[in-house]
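In this document, chain identifiers A, B and C correspond to the written order of the chains, with residue numbering beginning at 1 in each.
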Amino acid sequence: MNWANKLQSIDRRIIYTILLIGLTIPLIWPIGIPLAVNDTTRAVYKIIEDLDPATDVVLLSFDYSPASAPDIHPSAVAIVEHLTKRGIKWVGVSFWPEGPQMSEGIMRNLETRGLKYGVDFIDLGFMAGAENAIAEFAQNSRVITTDVRGTHIDNLPLMNNITTMKDFAFVIGISAGDPGYNAFIRQAVDPMGVKFAAAIVTVSVPAAMPFYASGQLRGMLQGLRGAAEYESLTGVAGRGAAMMDAQSIGHLIIVAFIAVGNFAYFLSKKK
Amino acid sequence: MNISTSIWTWVMAACILAIFSFIYKENPIYRFAEHVFVGSTAGHAIGMAVGNIHRFGWVPLTTKNEWHFIIPAILGLMLYARFIKGYTWVSRWPIAYLVGNGVGLSLFTSLNSQAILQARATMIDLIVHDKAGKFLLNRTFDNFLLVFGVLIVLTYFIFSIPQNGPMRKVSQAGRWLMMLTFGVSFGNVVAGRISLLLGQISILLTRWLGVI
Amino acid sequence: MRREIPLLITFLVGIIFLFGPITTGNIPVLEMSFRQIVSTYLSPWTTIITAFAIGLASINLLRLHGSYVARKRSGWINSAALVISMLFFTVARIIRELRPTDPEVVAFYGRIFDNIAAPLSGAMFAILAFYIASASYRAFRARSLEASVLLVAAIIVMLGAAPVGALIWDYFPSLQRWLLAVPNTAGQRAIIIGAAIGGFATSLRILFGLERGYLGGD
């Protein structure tokens, strides 16, 4: 059938336009499809809920760049919102060069809401060396002697009782690749028993599942969906939930493309 | 609609649309934006690297008299010898250092975290009962699949002995399980890419056009 | 000696990092343990050397595109844009690193990063979604039973992961979770174990100088 062949070789710009319109419409007019929460997300939530704001300090590692930010930055924001809501102090660090710029926006937002840098949170900035840097920081968390604002860590009360990564009550790696959760597991979790969870890009979720199953990862936020789930748990609305409807339509469109493409293929083969 | 009047927001929108113009067809605007992307990313990385050299090398060297930091500075500069004709061999020293570092750091830790502990996590009960002693069929099935799934996929990767007879059948079963695994990975790749595109569209609609 | 000394460096550095976490007690002549050598000298050195290495690819870009501009090769305007943006961001970031408490410097760099570097980077990876859509339609064919299994698994994951899947069929989300937690975990775990064992073997070969590819040609 000629039309089956024509259907298979449709102009790709029509495909792009369908996808673009399909994603834009639900962003402007959300549908409000309910979202169930995964156990992996709930595990992270529960750990933070059980932390003691008086004594516990959390380490957040911002290991992603603007390229993967849409998938993972909402998770970072959602986690910080939860920590803020519970009054838990946190220390930021990064093993990716773009990491400090990713956390800077979050910190700026917190400061406009009255939280104090140096008291409620600090950022130690970027440390080069990939897995070696993670190993070094795990063994000696005072190896970074100044924060991103040039203050010596001896003058930062948040770092008073911190010597190694084990002194943090909870470590969350927000990672888009390497160095990321794998390096933390190898250099901090297994050798030192650090309590660790990760917010990772959707693409990396299948490869991370064995580590969650083995307990090396205590919990996991799975990409943008993980952020949306976390927002529903904390009750703080954010970008994750707002984009889920559009994500749904996007998936439907791709599935439809696969189905139509294969349908046309099998019809043309039959001929 | 509340279109932004900030020049920076318009610059941001122009950058996104310049890259997106590629999906219509390759054009000079996209080429220009692509080159600026490469330059800006590289420039940021160099700046961060210089900052690290200053924080972790220059400051301890000059304020705490930690003179041993001259050694990595020299090794680091030796890396750039690869750009000097006839002296590219000089860059092998720092490369050898970094390779030795990587190998030494990961030799035991990879084996421990990724082989031993993962193998240990595979040693689970094949027959599962709940606390009351009732047999759980679904959990038992899952555990059988987990344990034997790992074994049959590992069998697929044994190349040192010929895969004949029963071993071949097991290996083929492993291949089928890998197709499932790769299908799951592919589904996640699609989801991940969609969310990246969504992020950019969302930025244009919120910050630039003020539609949402 | 142009290959022997680097091989010796690899071996020595590798051995020290290897023994650092697993030995105690001091090395006789040095009166330092392996762990102390790693934490006091080698690990901090790696940070510096890696920082130098970050600039390596960028310097190569600068040389290449600088030569295009100098020779006014076709498309030299784009090369000029690359060189100018690289130098601009380099200088801006260095100033930002050296003056972290200056609010104007911090705000300026934040503005140029958030409105130039970040959107360019984000958009570059966002257009991959269009290619996935195009490939889904034109290339992802169930040509064999194995390919069909792959496609069906992918479709279940896509529909199960998105909230709309639960509206289409109640079991899509639980099927997606099961696929991720059981068959995927089994397959990925086997790959992880296999890769770790292979990596161990390769690391030993590199340590003992049997694998020399990283040194490049003569």
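In the analysis below, a contact is a pair of C-beta atoms (placed from the backbone, for glycine too) under 8 Å apart; a residue touches a chain by one contact, two chains touch by 3 or more.
All values derive from a computational prediction rather than experimental measurement.
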Which word fits the touch map of the chains here: line, ring, star, complete or other? complete
Chain pair with the most contact pairs? B-C
Looking at Cα centroids only, farthest away from chain A lies chain C
Centre to centre, by mean C-alpha position, how many angstrom separate chain B and chain C? 5
Taking each chain's centre as the mean of its CA atoms, how far is chain A from chain C in angstrom? 17
Chain A-chain B separation of Cα centroids, rounded to whole Å: 13
Got the chain C residues that touch at least 2 other chains? 21, 44, 46-48, 50-51, 54, 113-114, 117, 119, 121-122, 124-126, 129-130, 132, 136, 151, 154-155, 158, 161-162, 180-181, 184-185, 188-189, 192
Where does chain B touch two or more other chains at once, residue-wise? 23, 44-45, 48-49, 51-52, 55-56, 101, 105-106, 110, 113-114, 118, 121, 146, 181, 184-185, 188-191, 194, 196-197, 199-200
Residue list for chain A, restricted to those that touch at least two other chains: 16, 19, 67-70, 97, 101, 127-128, 132, 135, 191, 202, 205-207, 210, 213, 225, 247, 250-251, 254
Of all residues in chain C, which touch chain A in the complex? 21, 39, 43-44, 46-48, 50-51, 54, 100-101, 106, 110, 113-114, 117-119, 121-122, 124-126, 129-130, 132-134, 136-138, 140-142, 151, 154-155, 158-159, 161-167, 173, 177, 180-181, 184-185, 188-189, 192
Interface residues, chain A side, partner chain C - complex: 8-10, 12, 15-16, 18-19, 33-36, 38, 65-70, 97, 101, 104-105, 108, 127-130, 132-133, 135-136, 139-140, 143, 148-150, 191, 202, 205-207, 209-210, 213, 225, 244-245, 247-255, 257-258, 260-262, 265
Which of the residues in chain A end up touching chain B in this complex? 13, 16, 19-20, 23-24, 27-28, 67-71, 97-98, 100-101, 125-128, 131-132, 135, 144-146, 185-187, 189-191, 201-203, 205-207, 210-211, 213-216, 223-225, 239, 242-243, 246-247, 250-251, 254
Name, in rising order, each residue of chain B that touches chain A in their complex. 23-24, 44-45, 48-49, 51-52, 55-56, 59, 101-102, 105-106, 109-110, 112-114, 117-118, 120-121, 146, 181, 184-185, 188-192, 194-202, 205, 211-212
The residues of chain C that touch chain B in their complex are 2-3, 5-7, 9-18, 20-22, 41-42, 44-61, 63, 65, 75, 77-79, 81-94, 96-98, 111, 113-117, 119-130, 132, 136, 146-147, 149-158, 161-162, 176, 178-197, 199-200, 203-204, 206-207, 214-216, 218
